[in-house]
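A short write-up of the structure that comes next.
By written order: A, B, C, D, E and F. Residues from 1 in each chain.
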């Protein structure tokens, strides 16, 4: 039924490598099928103005897509001179997702900037970015602990994301581009390792969807993120 | 329990006036408590480039906030030279919400631009904008019918939005600014008159929320939008 | 002779309400016929860099027009990414007009930012903005006195503005849009309550105008602003 | 009484050279004392979108100041990424002044772009720009006649500008920078060769000014522009 | 003598992979030591305005660096809203280099956009970009031949680049970041497969350099590019 | 053979005037044939952030071209809102050239900003700018010595630039616009008074060039800059 031949509840092949970036304090190259996102986490010793002197840290994110990560070449945002609304929406989402599992007081006054750059896109880039960002963030924070910048790990939980959607009237997990372009509705779920909801973003692309459908999608998201949480643990070596 | 003294399921005082704008084909000044949004709907005879020659119409939205709509003055986006990520996210949401209840083929090649400008802000501005936008859109389309630009009404349903949240561990309807700033989680629901979900945007501000809480919020949203749908009908005179 | 049927020396219906803004320290919703401008005055505790440490205050203004304040929708300046030359010219004028009647030394190091947003436009928006701005400024300064931020009122006089023009070879007061688009010459006069000239901006739209015509326009402006000064006094309760 | 030792009604030394630019269809290097502005007039065969197909021409102007035309270096607007409000106000003024003496129907569908670049600034740059622009415009139009692009001269009159002000309670002509910085009021007058007023821009820098003072300044402006008109004629060889 | 232990004339380990990009018509992931650049070549069926109707093609390039490709995180150009002077200089260089070996008439009216994105930076990114761009360009043109968009290969030669410099008074090949930061002079050479010079960009960082030194650097560049030409041939399978 | 009738090794008529700017600490109006560049050097008492507290000075440059310095009018960069890649490339080159002959430690913490504005363009503007900039810089530094801001002259040598090219298969000196547009290759050489190379920028416009040709161009550049060095000395009165 699915263009890829996957079962409705099947995640794409997932891998997370942590050695791609030469310089970042933490990094992850996450692949979900043909979607590939390079995430780096950079430690900075300053916080944004609104936090100065409050003894708290900050985690923020930026997102970009290489011009030819997509089927047809998209404009380079740096050349156009501004980030699209879509880009800004995504990077705000990634930042919120990370902050949901960080004890910012435990960080002290330091920042971590997460950069998520899509090298190849085949649907689900924001979700892959979030799942990879947790790995990069974990590694950067551990780096800070190893350097005695931090005394303890400020991460309170895992966080991961997956998209689900109604495709040909069936709830399916982890939409690829073909499905995403034709889904009746899709939703991105950001979940914690302990099962809590951090973000739910459901959108009807065609007809409105029902509460029952929303719950079907959420159930699939729980199944999908369980596998992502396992891959994250393995990537950071705490499995 | 609520700062305003409202019951958990109580909407703020709601009014929709349709005579404020002198020039727009459709307009609505919507007030939800102290939140006040002026919405205009402008008919344009052209469509965006990607739709040219396809025989379909388009509905899009822009959103802005007067600098002193808020407790402390915010920068004027026109002076800063760019719209914030928040602004872009909101205007994309409003556009999607309107398009969900429009038969764009029935519009033919015309556009309607919805402008939502917040005159006074006290929480829930994007939801008020959506609820008001439907009224302005309805009036503009009726104007087009009266002018024989359109032969029939392309609106397929009503659409309205309301925010709900977990405030002091209780699910409450229609957050004002005080509640919004202190909510553990909040969610914006965009619903159709016939009960379908168009958008669900739930965000944990502090601790993650549960599926049960999400469903509590959705139930409140259904109750709240029922009242908004009635007010919309009254405003456009189809009650 | 005038499209509106007004006599040459007749001002449009004028009203100034001071309760529209929920948050601003001072505000005025001024209507001159179908022109409607919302003005807020916001107190800020800092001054621009060039005044730091000099013990003087500052008053500045920003101006905007809602996209559909006009007959046909105009681009949103925030979306275009810059303010037009016209906008900048107007907001500079409003700022100068206010500063002409403020004892900035008496303010101490504080700023007041005047925001003038045109909700409905039918000619004369910059003049209405100035006349309304004085009311908002007065109220904000009185607020500062009530809060013991200021010991005395730094306003030294009233200030108001009106446009006049040569329409069908006759000098007329308070041009509306129809007249403004067809005037041979128009001039904006900014006058103080005591009769002094703060700004004179006369422009020939078609044939050049004569000194005698300029003086005719000035005479009308004196008559028109007399009524505006009275309305300002009433609005701030010092009539 | 004046810092320069000039009499109240004395213009600065004025010269207009027409050979500085190697490429422009018309050009003028105008010097008023130490103020020096290079003006070029460029013929373009197209008109702005709003005039297409209407059989009329267009004249527009741009203005700039070299970063070190001033006492202390100013930011380069190209580097800052936007033109200041002052720049935009001035270039709009120059464009209006030129269009006031051009029969745009006689031009046919062509444009002339006037570029005014201040090489050295000592007050009165916008007025010098206007006075020089008329010369460059005249030469460019004559060039078009010589090339048989135009059958007749579309200029209907001369136009020139001068600033006057109240300095130490005396009305003085042609303010230099020292006077301009200390004037109680100043006014820019744009006059036609036949004595009509094209623009009057009077501004109180300190105390408001009176009608009598405005008329004093206008009288000085008439005397000053008489000399500029003579210099313009000589520059274009129609004296 | 060199921080890396390399001999003066030794190139870093070089590899060129051509399968990284999922969508581009041609692509190359080039690694020179720790410098890693992803290059894609995208075919577009239109040409820039200045070439329309001339029957010629165009090749242009854009360049970017991921924020954390470097030792410390750099600002994201898309977020800053403009490309740096360095970025623009580099992308202009890459475009010129490619056009030097393309018969643009043989392309017909099509464009190829080269995107060079630095994933990891350790000196020499512009040279690596050029060397990789030739591979991506070759593959995209061959793709166009396979699709019968082109009848013959428009590439007339190979082109590659390498940086050389005076490090501790010795001419060395293929500077890494440590050397580049401390070089007395460095030069980028863009050479064709047949030995011609396309670009020479030599810069004294400290003391000026001599003609003899320039020739030493050029000799090294010839040796280095010989190896790169071999790797390019292998990558595109024409070795 | 050359369009201008010049011999291959002949420089255009060269003049350097030092009195054009009224305000700058140092300035030069340099003419090479019909190319005319106004250069000013402005002393500023602060250094860029990356140099603060290091006891070193800074020299930087900005470059611009008047819109009608060229055969056809070019867009004003301030109006377009950004500097072109070409502009940025040139101003970076000028800055590097100046810094190559300045002992920045001897400057102490001060900056000199060089502004190069092309009044008339006929090829070779960047080279003329560099040659003129040295004169303006010298004068500004001498001004600083006269004002006891500096105790000694931080300039360590002269620096000048000239373009050469292969025109109709012959190496020629100091290309004008006609030659530059048709040259097979051109190169800009920045040389010091003592004969060292500061920058070499050679570009093949058509066919690649050979090492022998590069050396021919360099030889011409040495002859050309010898004349420029003499003119610079004369201009600053140290001949």
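In this section, a residue touches a chain if its C-beta (ideal position, glycine included) is under 8 Å from a C-beta of that chain, and two chains touch if they have at least 3 such contacts.
The shown structure was predicted, so the numbers you read here are calculated from the model rather than taken from an experiment.
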| item | value |
| --- | --- |
| Same-interface partner of A-B, chosen from the options C-D, D-F or A-E, over half of the pairs matching | C-D |
| Intercentroid distance (Cα basis), chain C paired with chain B, Å | 32 |
| Centre distance in Å when chain B and chain E are each reduced to the mean of their C-alpha atoms | 50 |
| Junction residues of chain C, two or more chains touched | 81-82 |
| Ring order of chains, beginning at chain B and proceeding to chain C | B, C, D, F, E, A |
| Interface residues, chain E side, partner chain A - complex | 20-24, 27, 34, 38, 40, 42, 44, 62, 64, 66-73, 76-83, 87, 113, 115, 117, 119-120, 122 |
| In the complex with chain C, residue positions of chain D that touch it | 82, 84-86, 88-89, 91-92, 96, 100, 187, 191-192, 194-204, 207-211, 214-215, 218 |
